[in-house]
Each structure stands twice: as structure tokens, then as C-alpha cells.
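Common to both upcoming complexes is chain A, partnered first by chain B, then by chain C.
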Partner chain A sequence: MDSIYQKLVDIVGEEHVSNRPEELFIYSFDLGTAEPKSPDYVAAPKTVEEIQKIVRLANEHTVPVVPLGGGLSLAGLAVPIKGGIILDLKRMDTIIEVNERARYAVVECGVSQGQLTSYLEQHYPHLTHSEPGAPPAATIAGNIMIHGQGDLAHPYGFSSDMVNGLEIILPSGDMCRIGSCAVGAGWFTLHPLPDAGIFLGWYGTTGIITKLSLKLFPSKKIRGTGTFVVEDERLVPEIIYKITHTQLCEDIIAYSSAIPPFASELHHINVNIAADSEKELEFKQEIIWDDALGEYIRKGTGGYNGFVRGLQRPQISKTSDYKKGGGFEYVGAIMPVETYPHCYRKGREISEKHSIPYTITGRVISAAHAMMFAWTYAFNRADPETIRQAREALHETDDLVMELGGVIWKPGLYGQKLIIERLDPMTRSLMKKIKELLDPRGIINPGNWEIF
Partner chain B sequence: MALNNFPYKDTIHRCFRCGYCKFPVNWMDVNNCPPYARFRMESYSCGGRLWLTRAWLNDQLEWSEHFAEILYSCTTCKNCEIKCPLRFNVDIVNMVVAARNIMVEGGRIPKPVKSFLQNIEIYGNPYGLGRSHRGTWAEENGVERYKDQEYLLYAGCAGSYDERAKKALKALSRLFKQAGLSFGILGNEENCDGNEVKSLGEKGLFDMLAETNINLFKKHKIKNIITFSPHAYNTFKNYYPEYGGDFSVFHYAHILQMLIVEGKIKFIETHKIKVTFHDPCFLGRWNNEYEIPRKIINAVPGMELMEMKKNREGSLCCGGGAGNFSIDLLGGKGSPARRRIREACEVGAHVLITTCPKCLIMLNNAVKEEDLEGHIAVRDLSEIVLDACKR
Partner chain C sequence: MTYLKFDTETCISCPDTSCLTECQHISIERDVAHNEILKIARGENSFVLHECVTCYACEEYCPYGNHPFYLIVERQEALGITPQPSPLVKRAINIGIPFRGEPEIKEINGPVINLGAFSQLKYLIEGKLFEGLTIISDDERKMFHYFCQLMYLHYGKISVIKERLLKIIDTIARHRPTEVICFHDECFGAYTSFCNAYGITVPFQPVHLFEYLYTRLNELKDLIKPLGLKVTYQRPCSSRLSPDKHRYVKKIFDLIGAEYVKREYSEQNVLCCALTIQGQKKEGSRRLTLEIQKKNIEDMKRAGAEVCVFNCPACFDTLGWKVKEIGIKPVFMSDLCRVAIGESPVDWKESDG
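And then the complex of A and B:
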């Protein structure tokens, strides 16, 4: 009998551990183009204590541990590159607390975006969280761990900027808390204690999030999307600058895609607007469409396509079926808004070179401080050639992002390599020291953010 | 490579494993796929099952008892088809059944599935009980054998053999008699309808059952069939026409509603009671009938119908479909039936009503397993209606 398997059984129970080929097969895959790598074990813990025991066991035997949330990053970030134990954290799915007045929710690491959305709609309809454009099975912890963004990114920034507190299992197996919860107060703020922010963006390599407090925001009675369309991509940055100046929107996304054909080569700017009354909605619409963007309509360089009430939350993505092949992956990048025209033109060139219908999206972060771009490449999972093409296109796009002066968002191994090569030497050294200090045996999600 | 002969070879890889299929209609949790809810491993999710199936058909994964159990743990509840936003969603359950067809043809299926199918072939029921006992449930009720009555009441295997289901079927037959409905049964002549056989991938046995049953119905000049089980309702209504079996098929709830509307079932005052309704998959998601049972419950004096959070097309399957009421690949502490009974308690219901003998059996057992006897009871709609119109 495999002793590690038996010890995992002792920790989480037989039903929640597997080293059988079926589970090892399924957990070896990312949903994007990353090459599969088989874990040696899959364990699905239910409690913090179980995670601690597993991490200590892994330390004892120097076995990798790879934390997995919804598994929807598409960048291969939870592929067990060096084998070991996949920790499927989705059984830890309790919404522990919603503090209505301080506007935050404390959730376990396996709580999904859809679960929190549904819970708030039912129990706290006047509160909402920034929901990413990911399927509802994506976890909140996974999203903040990769510095995700959601549909409140314009007013409030990255999802990881909305964290009020964290509970982390360190690679040693010890548990620590960050934020006001660390001093026994509520989970209402990450500040003003000394900054211990060495966990977000690290893909779990410095510690496994087990609980987190997420800021909630007012949810107005009317929410919907207005669309502005232009033909000239060079107009997009200034239009975004004008819209963000109004400070009246919840979300701003510019996009262009080959499908549907009638919209190809056009640039749509979706603007989410929320209001508690018709009067408020009318006021906001007038300021945005008439005052801020009226000149484009009058000149004939832009058009207002109308306002549709209601938001699709969670969003339903059908991109994976573009090639009737069950697959897509995208390069995400945090870029200055002014790079939109380049991003569009170059991204389209890459897509067309690889015979992939182009899709380019950019979500505005904060007051146009940055834009999260996504260049999406669909592939047919049953056709290795299309996977190879998509992978090549992704790598070329990673290169493009760095050339254009951006930063790859949630980079996979190829993107991480590009970033690490360009890192300031002292930053590299600091990251290396942090990693060596916290995880001297290199057991947590090894292969990611490895700096030699 | 079996993939080349798989009827969905051009479709099965289109599942992205986005996970929509795990949710109920309102996204409240990821526990609406019964096997995933039970095991909470990706291998048991709908997408995981499709990926594993393709890998098996493509010789990337060898057959194993565990893989067979994963494939057979799908209850064919259709939650995945409701939730999947992609165009191939209508074929998700068909893909599972087609893979089972291949597994059956290969002769390697889980032992409980084999026993289930063998019992049906030998005894005409999955319980392995004698055909001569099939009609005994009706003896004390004085239900007539079918001659030339207006309706055949098709009891089904669970209604004929399972003690809890028999009790409900007796209530239904008493109701029909009190209302003066012209109906008869086939008694020991009756045979398994085959709905589970088809979903377990035993097409040959299903063909035989369908042809045998259709011939039997035709021999008796049966035109109208009332089924006690939504599973039989689904089979007779949706599958038998392909075999030349064109009958008017009703689930018993349709007939109860008709009798209530016609004034043939009259209620007397009853005690106030908080109840909830569990939608059987084969009445709801498979046949889009959600409202008639609710109309009946609301017509019964004293009933306060409280909906569970997961209702209608978002209902959580009891875990009994595709033979799992007997094969039981989903039993244990986190079983769908035990989850469901807790959901019924959460809304404050004292009685959970259903209209399916498989659901009745599964949920009734779950009450005992969850130690909730005295807190909640599981009853068939026919029992509720009979109690309310007793004289």
C-alpha cells in the first residue's frame, strides 16, 4: 500500500482521495492548450486542518502540492507540472459571513462566483461583488490569486484590490491571517497593518488561501449595458478617457471580433450603467452618451446602439464552441489604454496568420489606469494541429504584450519566462528570497514563478 | 479505436468542462449534478465523464470497474442539458447512453448493473422477484384485470414489488375506484417498461421489452395507458412510438387533475400542513410537466406549498434514475436523496410530496438515513389526495 495515499485517506477520508487512473487523467488537464501532466494523487479536503495536515505530509515527503479552485484560468496554472498532490479545494464552499453594513463577505476558498452572486441576489439584493467574465464555477479565491478583474473593475480596480483579509496555509503547514482579522477584529480591512502582501498573484506558491474577505458594493435596482460603436480603432482610447471622466459607469469593455461577421472590424464599447431610479438612469445616460460622446455621433464617427436592461450574471461564454471543438485560450495583458489600436491590429494579424477568428477584448481598470486585454484563440480539442496553432498564437501574443510595454496577466509558463527574463534584478532577487524563505523545499505549485 | 464508431464522435470533444452543468438554474451551488454532488471529484462531473469517455473510446484510458461506475453513476437527470449553453447540449445524455451501449456490447459493466439487467430479463423486474407476485399488490384492493376498460393502469416494477411504492399505488387505485374511473391492470402479465434498461445502454433488451409490451397492449386492445411512474410514462410516450406503439399515455397526475376538474374527486377539510414538492426528472426535465402536480397540491385544502430553492427545471434529482434506485452507485452520506431531504427540511416542510415511485423510495430511505423521522415524511401525491377526500 502506498504510504502517502494511505496517509491522505487518513486525513480526508477514502472517498476524497484518489490515485486511480481516471482521476489522475482528469486532473492532469488544463482546459486551455497547456500540456497535461499527471498528478500522483488527488485530494479534496473539507477543512483548514485537513489542508494543514496534507501540506505537512507533503513537506515530510517533499511531494508537490498544487491547489486547484475552479480550474478555469486556461493558462495551465494548476497543472501539476512536477506531479504530486492536486488539492481540489471546491469542497470548502461555505459563505461564512456577509457583513451588510461594512459591505464585505467572508468566504471559504472553494466558493464559486456563481454561488456568491446567487447568494447575494437572494439575501442581500442591494449588495454585489465584482464578478469576472468567467464561468460561474470559477472560484473567488482563484480569481484574486491571479489578480483577476470583474464587472466593477472600472470604479474599484482589480479583484485583488477588493480583498479585506486572507487566511493562508503557508508551505510549512502553519496558518496565518492577513488584515484586520489578524488582530482578532472583523474582516473589514486589509490595512493599516504593515504590508504582508506576498500571497496574491503567486498562484499559491507562497501559500494556499483558505478564507478571504471580499469587498461588496452597492447594487442598484436598475443595471444594464449601453453600447457605443466606432469603425476607427484609434478613437477608442479617447472615448474611454471621456467615459471614465464621467465617473458614472460600473464597467467599460471595448471589443472587436470576427464573429458575428457583420460586427467584424468594428469596435464596440459596452458600458454598464446602474441606477436606483429612472431619473438617475436618464441623468447618467445623458451625461455619457450626449455630453461625453455626442460629438462622435454628430460627426458620424460613432454610434450609440442603445441600452439593454439587465446584466447577464454570471456571463455565459460560448467561445469554446467557435470551432465546434471545445477549446479556447487567451492571452491576458495589463496594458495602457492608449495601446488599444496596436493591440487590436497586431492581435488580429496573429489570429489571421493562424487561421483563427479574431477576438480582442479590453476591460477598463479603475479610471483608465490600465486595461485588461484578452486575445482569444479557439481550437478544436480533437485536432492537435489546431491546438498547436493556438499555442503558437498565444506565445506570439505573449511576445507582443512585452514588446508593447504591457505586462502579461496570469501568465503560463512561457509568459512567466518572458517576465522573469525582464525583471529588475533586485525584484528577481527579492522574489527568490521570499519563495525560499516561505517554501524552502519548493513543494507548493512548483514550476510556477520559479526564479533561479 | 471505438471512437470511430461512436455516434457522437464529432461532438463529445466539444465539452469545454466550464462547469455550468453542475449548477441549478439559479447558480446557488455546484451540487445539481447528482454524481458530482455525491463525490465532488471532477471525474464525476458531467464534463469529466464526457472527457473520460472520449479518452476510453480513444484508447487513452483503459476500461476499469471504477471508470464503469463513473459512467453508470449518471442518473440521466438532464440537469446538464438544461444548464449547458452550447448547441450540443441536447445530446449530452445521449452521449452517456451511447457509451454505455458500447460498454454493454463489450460485456464489461459494473456488477450491480449486470444483476439489474439480468433480473429484468429473467423475472421482468430489477428486484429478481417472481413474475407471479407482480400483481399481488392489487389483490386486497379488488382492482380488476384489464378487459375493455377505458384505461390501463400500468403499475411498473417499483409499484408492483417495492413495499413503499406499493402502498402509494394502492392509494392511487383506491382513488381511481372512488372516482369511478374505468381502469384495469395487467397483473402478472405486466412486464418491465424498459426505461432504465434503455438508459443503462442495453438496447437489445430494451428492443425486446418494447416489442413484447406493445404486442401485449395491442393484444388487449389497449388505447389509453396511465402510468404510476414517470419513467414508464417517458418510455411509452417518447420511445414506444418508434416501435409502433402509439398509445395515449398519461401520468397519473394528469388523470387526478382531470378527475378533480370534473368534480369526481372532492376534498373534505383537512389539517393545515406545510408541504413541498419534489419534481421527478422524468416528469419535469424529460417531459416538461411541472405545474399539474402543483395545481393538485394547491387544490387540496390545508396544503401550504413551500417551494424548495431548487425546483422545477432546477430541481435536484433524487439520485435514483438510470437504475440507481436499485444499483445504488450514489448511496452514502452525501447522496443526492439525503441532500434533497435536507433541502426540504430547510424550507420548513413537514411533508415532501412526489409523483414518482423511484423518488418516493429514494427519499423515504433518505429520511431514515438522515434520522429525520418525525420531522418530515415523504408521501406520494396519490396518498395526499386520498387522505384529503376520505369519507
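And then the complex of A and C:
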């Protein structure tokens, strides 16, 4: 009997551990184009203590541990590049606390976006969180580990800006807390203690989140999406500037795509607006469409296409239907809003070169301080040639992002390499020291953010 | 190439120019109106071309069937006076492009119902009223092969209709239908009024949905239990293209025992749902849309309507939820007829819920 397997069974119980090939296969790939790699074991812990024991076991045997949430990053970030133990965290799915007045929720690491949305709708209809465009099974912890963004990114920033506190299992197996919870003062703020932000955005390579406190925000009775359409991509940055100046919207997303035809060679700017009354809604609509954007309508260069009640989450995954076989992956990048026209034109060129219908989306972050730009490439999972085409297109787009002065978001291995090559030497050195200090054996999600 | 059958002499001798003087959106005296329609006929610019909100109503107001609305749209396009901003025009034109394969042609050799671009509403075509009737294509991926294109009248793009309609007619004809019941009266208007105005041959018999429903209700008369409801009807813009079929609204209501409430805005004076106005270039269009809708709904309420009946899915989407908010039940005509014969359509039950 395999001793690591037996020890994992001792920690989490036989029904929550596996080394059977057919089950390992499921964990060997994600839904994007990353090359598959099988883990040696899968373990699904239920408690913090179980995670600690598994990490200590991994340390003892120098076996990689790869934390896995929803597994929906698409960039291969939870593919076990060096084998080892996949730590499937979905069983840790308790919503521990919702503080209505202080507007935060404390959740375990396996709580999904959809689970929290549903829970809040049922129990706290006046509260909401910034839900990303990923499928509802994506976890909250996974999203903040990659600096994700959701549908409140315009007013409140990245999802990781909404963290009030963390409980982390360090690569040593020790547990530590960050934020007000570290002094036993509840989970209501990350500040003002000395900054210990060395965990967010690291893909878990510096520690595994077990609990987190997430800021919640007011949820108004009416939420919906108004759409403004322009043909000239050069108008998009100034229109976004004007919309964000009103400070009256929730989400702002611009997109253009070859399919369906209505979106082709046009730029739809979807603006989420929320209100508690018709009076408030009309006040906001008047200021946004009539006052801020009226000049474009009168000139005929921009058009108001109406307001639809009910939130429509971004549905990038629909692009997977464009080619038979249901695959898609996108390059995300954090870009200055002013680069939208270049991003659109260059992205189209790359898509057309690889015979893929183009899909380009940009979500405004904060007061147009940046945009998360996504170039999406569909492929047929059953056709290696289309996967190769998509992978090439993704790599070219990674190169493009760096050329245009942006930063690749949640980069896969290729994108990480591009970033690390360009990193300021002292920044590289600091990151290397942090990683060596926290994870000297290199056991947590190895292969990612590795700096030599 | 197809050309509009328009007779300028008819306008010259017209005593009241009701096409423009009756307009709900342009205030115009008869003499001015007479002058302006002749300018438009001559291909000259006119303020009417700029002020027109494209409600189709002048097609009905003209007592001679001289097609003033088609003429206005022709001139709007020729002179580059599109009511909508150009990105919305392009968007609309793109919407009608089929992109998911060719239609699957099955010969039917019998009556069919054509949902046009509303295949997602096939659930409305159920029950005894539609027994034995084939839906010509219920595949949402293929619906734009059956889309009558008349929507482009709202966008000053009559050329798109002329360019695409022949192919649509051919696609429908290839199914070899004996009669084509048009789910939406925009389609009926396309295959009757528009094709007639442009001399386009239609190789099948178009039938208005309401005429079909009326006939079927008579065949199922024994099943009808009078509804005893006070109803109003949201007449869509495309109904202006077939005003002779509008009489079936009252005939159906009478047959199913629904009281057609008297309103300030009804029949020729009906207010449209205003969906098409909200995005127009003219300053204040969005607010005008809200004002028209408010006036319309308040009038329904004043008249005591319990149910608002729709034919057009766009009107339903635009106004359905608004009438519901003030306690008036929105329903498609076919569903109301189904209720009258004792059936329980999904939307009717959900609306109760």
C-alpha cells in the first residue's frame, strides 16, 4: 500500500481521497488549452486541521500540493504541473457569518460565487457581492487568489480589494490570520494593521486560503442593464470616461464579437444601473443617457439601445458554441482604458489570422483606472488542430498585451514567463525571497510564479 | 429591382392630406401638409422626414392606399435622414443575418404557421386552436431565414427589405405551404401590403393570425365559455399595414365574451409601444418614449381594463411588465383565446402566480 495514500486516508477518510486513474484523470486538466498533467492523489478535506495535516505530510515527503476551487480559471492554474496532491476544497463550503450592518460575509474557501449569491438573495436581499462572469461554481477564494473582478468592479475595484481578512495555511502547515480578525476584533477590515498582502494574486503559492471575509454591498430592488452602441472603437474610451464621471453605475462592460452578427464590428457598452425606485432609476438614466451621452445620440455616432431589467451576467462562455466541441479560453489583461481601440483591432487581427471568430470584452475597473480586457478564442475539444490554433492565438495575445503596455491577468505558464522576464530585478528578487521564505521546499502549486 | 407604386396625382388631388394631418407625432396644418407630402414625392427634403418617428400610422390614414409611409422611408434613405443613430441601424441590419446554417426545407403541402424571428415563442402555438397546423420552422438557430425584414422601416432602410425579402419568400415557398398563417402581423403586412406596394409576387396565401383564430374559435364554438373580462388591445405599428384585419380583434372579443373597453387611445388613435422611438436621434426621444407609454397605460387603467392583449412580441416585452405592475394582466391573443376554450396556457398561469 502507498504510504502517502494511506496517510491521506487517515486524514480525510477513504471516501475523500483517491489515487484511481479514472478519478485522477478528471483532475488532470482544466477547460482551457493547457497541457494536461495527472496528479498522484486527490484529497478533499473538510476542516482546517485536515488541510494543515496534508500540507505537513506534503512537506515531510516533498510532494507538491495544488489547491483547487472551482477549477474554472481556464489558464491551467490548478493543473498539477509537477504532479502531487490535488487539494479539492469544495467540501469546505460553509458560509460562516453574514454581518448585515457592517456588510461583510465570512466564508470557507470552497464557497462558490453562486452559493453566496443565492444565500444573500434568500436571507439578505439588501446585500450583494461582486460576482464575476465565471460560472456560478467558481469559488470566491479562487477568484481573489487570481485578482478577479466582478460586476461591482467599477465602483469598488478588484475582488481582492474587497477582502476584509484572511485565514491562511502557510506552506509549513501553520495557520495565520490577516486583518482585524488577527487581533480577535472580528472580520470587518483588512486595515490598518501593517500590510501583510503577500497572499492575494499568488495562485496559492504562498499559502492556502481556508477562510476569508468579503465585503458586501447594497443590493437595490431594481437592477438591470442599459446598452449604448457605437461603431467607431475610438469613441469607447471617452464614452467610458463620461459614464464613469457620473458615478451612477455598477458594472460597465464594452464588447464586440463576430458572432452573433448584431455585435459584429460594433461596440456595445453595457451599463448596469441599480435603483430602489422608478424615480431613482429615471434620475440615473437621464443623467447617463441624456446628459452624459446625449451628444453622441444627436450626432448619430452613438445609440441608446434600451434598458433591460434583471442582471445579465457576462456570457463569454457562449463563445464555446461557435465551433463544434465547446472549448474556449481567453487572455485577460489589465489595460489602460485608452488602449481599447488597439486591443480591439489587434485582437481581431489575431483571431482572423487563426480563423477564429473574434470576441473582445472589456470590463471597467474602478473609476476607469483600468479595464480587464479579454480576447476569447473558441476551439473544438475533439480537434487537436483547433486547440493548437487557439493556443497559438492565446500566446500571440499574451505578447500583444505586453507590447501594448498592459499586464496579463491570471497568466498561464507562457504569460508568467513573459511577465517574469520583464520584471524589475529588485521586484523579482523580492518575490523570490518571499517564496523561498514561505515555501522553501517549493511544494505549493509548483511551476506557478517560479522565479529562479 | 422593385419600385414603389406611388401616385403623386393622388396626393395632388387629395382634399385633406390625412396621412400627415392625422399624425400623432407631428403637428401640421392641412396646407403645409399638402405641400410637404408633395415635396417628399418629388424627392425633396422635408421637415417631416426628420420628425417622423416611424409609427407606420400614415399607411392607415391614407384613404387611397397610396403608401405614404413607404414613400417617407424611401426618401429618408435616399437623403440619408435615418431616424436612428447609425450604430443602431447597423446593429439592426446585422440582427437579420442568418448565421447558423441553411434552413431545413421540408415540403408540407398544407397550412403552416410562420413565427418569423420569434421561434422562442413556439410554446404559444399549442392546444386545440392549433391542432393540425405545422410550424414552418421552430428552430431558433434558423429563424432569421423566415424573418420578414419589415422592421427596417423603422431604420430608414427600405433597401434592406427589398434586398432580402425575395429570398425569404422563396424559402417559405420551398416548403410548399398552401396557406401561411402569420404569427406576427408585421409578417402579414410584409406579404400583403409591402409586396403589393412593390409589385412582389407572393406564391402562397398569407393569413392573418387573428382571422385564423376567429375561424378556429367558430369551429370550436361549443367549447367557449364567455370570459367576462374587461380587455384592451395593444395595437402594434405593423397593424397599420393591414387595418382591414384589425376588425378581427373586436370580433374575437365578442365571440369569447370579453368586453373591449372604450379608450381615448384606440383604433386609429392608438398609441404605439414606442420601443422604436427610445433610441432615435431627435433630442428627448428617450423621455418621449416614457411619456407615450405612461399616457397609454394610464388610459388603459382609466378605461378599467383587466387584461391587455398583445399580438406583437416587441410590444409585449416593452409594455407587458409595465401593465402588470399596475394590475393589468398581459397576454397574447392566442393565449386569451385558449383560456376561452378552457385551456390553461403557461403564461396565463404564471401571470396568475
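Simple rule for what comes next: the second predicted complex is superposed on the first by the 446 of 452 C-alpha atoms of A that agree within 3 Å, B and C clash if a C-alpha of one lies under 4 Å from a C-alpha of the other, contacts with A are read in each partner's own complex, and residues count from 1 in each chain.
Please note the rule applied: a residue touches a chain if its C-beta (ideal position, glycine included) is under 8 Å from a C-beta of that chain, and two chains touch if they have at least 3 such contacts.
Note that the coordinates shown come from a computational prediction; the quantities given were computed from them, not determined experimentally.
Partners chain B and chain C fit side by side in the overlay (superposition on chain A). Look at A:Ser366: by the touch rule set out above, it reaches neither chain B nor chain C. Looking at the shared chain after the overlay, A:Thr301 reaches chain C, while chain B stays out of its contact range. In the superposed model, chain B and chain C sit 70 degrees apart as seen from the Cα centre of chain A, a figure rounded to the nearest 10. For chain A, the partner with contacts to more residues, out of chain B and chain C, is B. Shared-chain residue A:Ser172: touches no atom of chain B or chain C.
In the superposition on chain A, no contact is made by A:Thr94 with either chain B or chain C. Within the superposed three-chain model, A:Thr246 lies out of touch with both chain B and chain C [touch as defined at top].
Within the superposed three-chain model, A:Gln285 lies in touch with chain C and out of touch with chain B [touch as defined at top]. Judged by the touch definition given at the top, the superposed model places A:Asn272 against neither chain B nor chain C. Annotation: superposed on chain A, chain B and chain C show a minimal Cα-Cα gap of 10 Å.
Touching chain B in their complex are the following residues of chain A: 15-16, 18, 20-23, 25-27, 29, 31, 42, 44, 70-72, 88, 90-91, 93, 112, 114-115, 117-119, 121-122, 135-137, 314, 316-318, 320-321, 324-328, 380-382.
Residues of chain C that touch chain A in their complex: 82, 84-88, 90-92, 94-95, 97, 99, 275, 278-279, 281-287, 290, 321. On the side of chain B, the complex with chain A involves touching residues 10, 13-20, 22-23, 26-30, 39-43, 48, 51-52, 55, 60-62, 64, 66-67, 70, 85-88, 332. Residues 229-231, 259-267, 282, 285-286, 289-290, 294, 296-306, 309 of chain A are the ones touching chain C in the complex.
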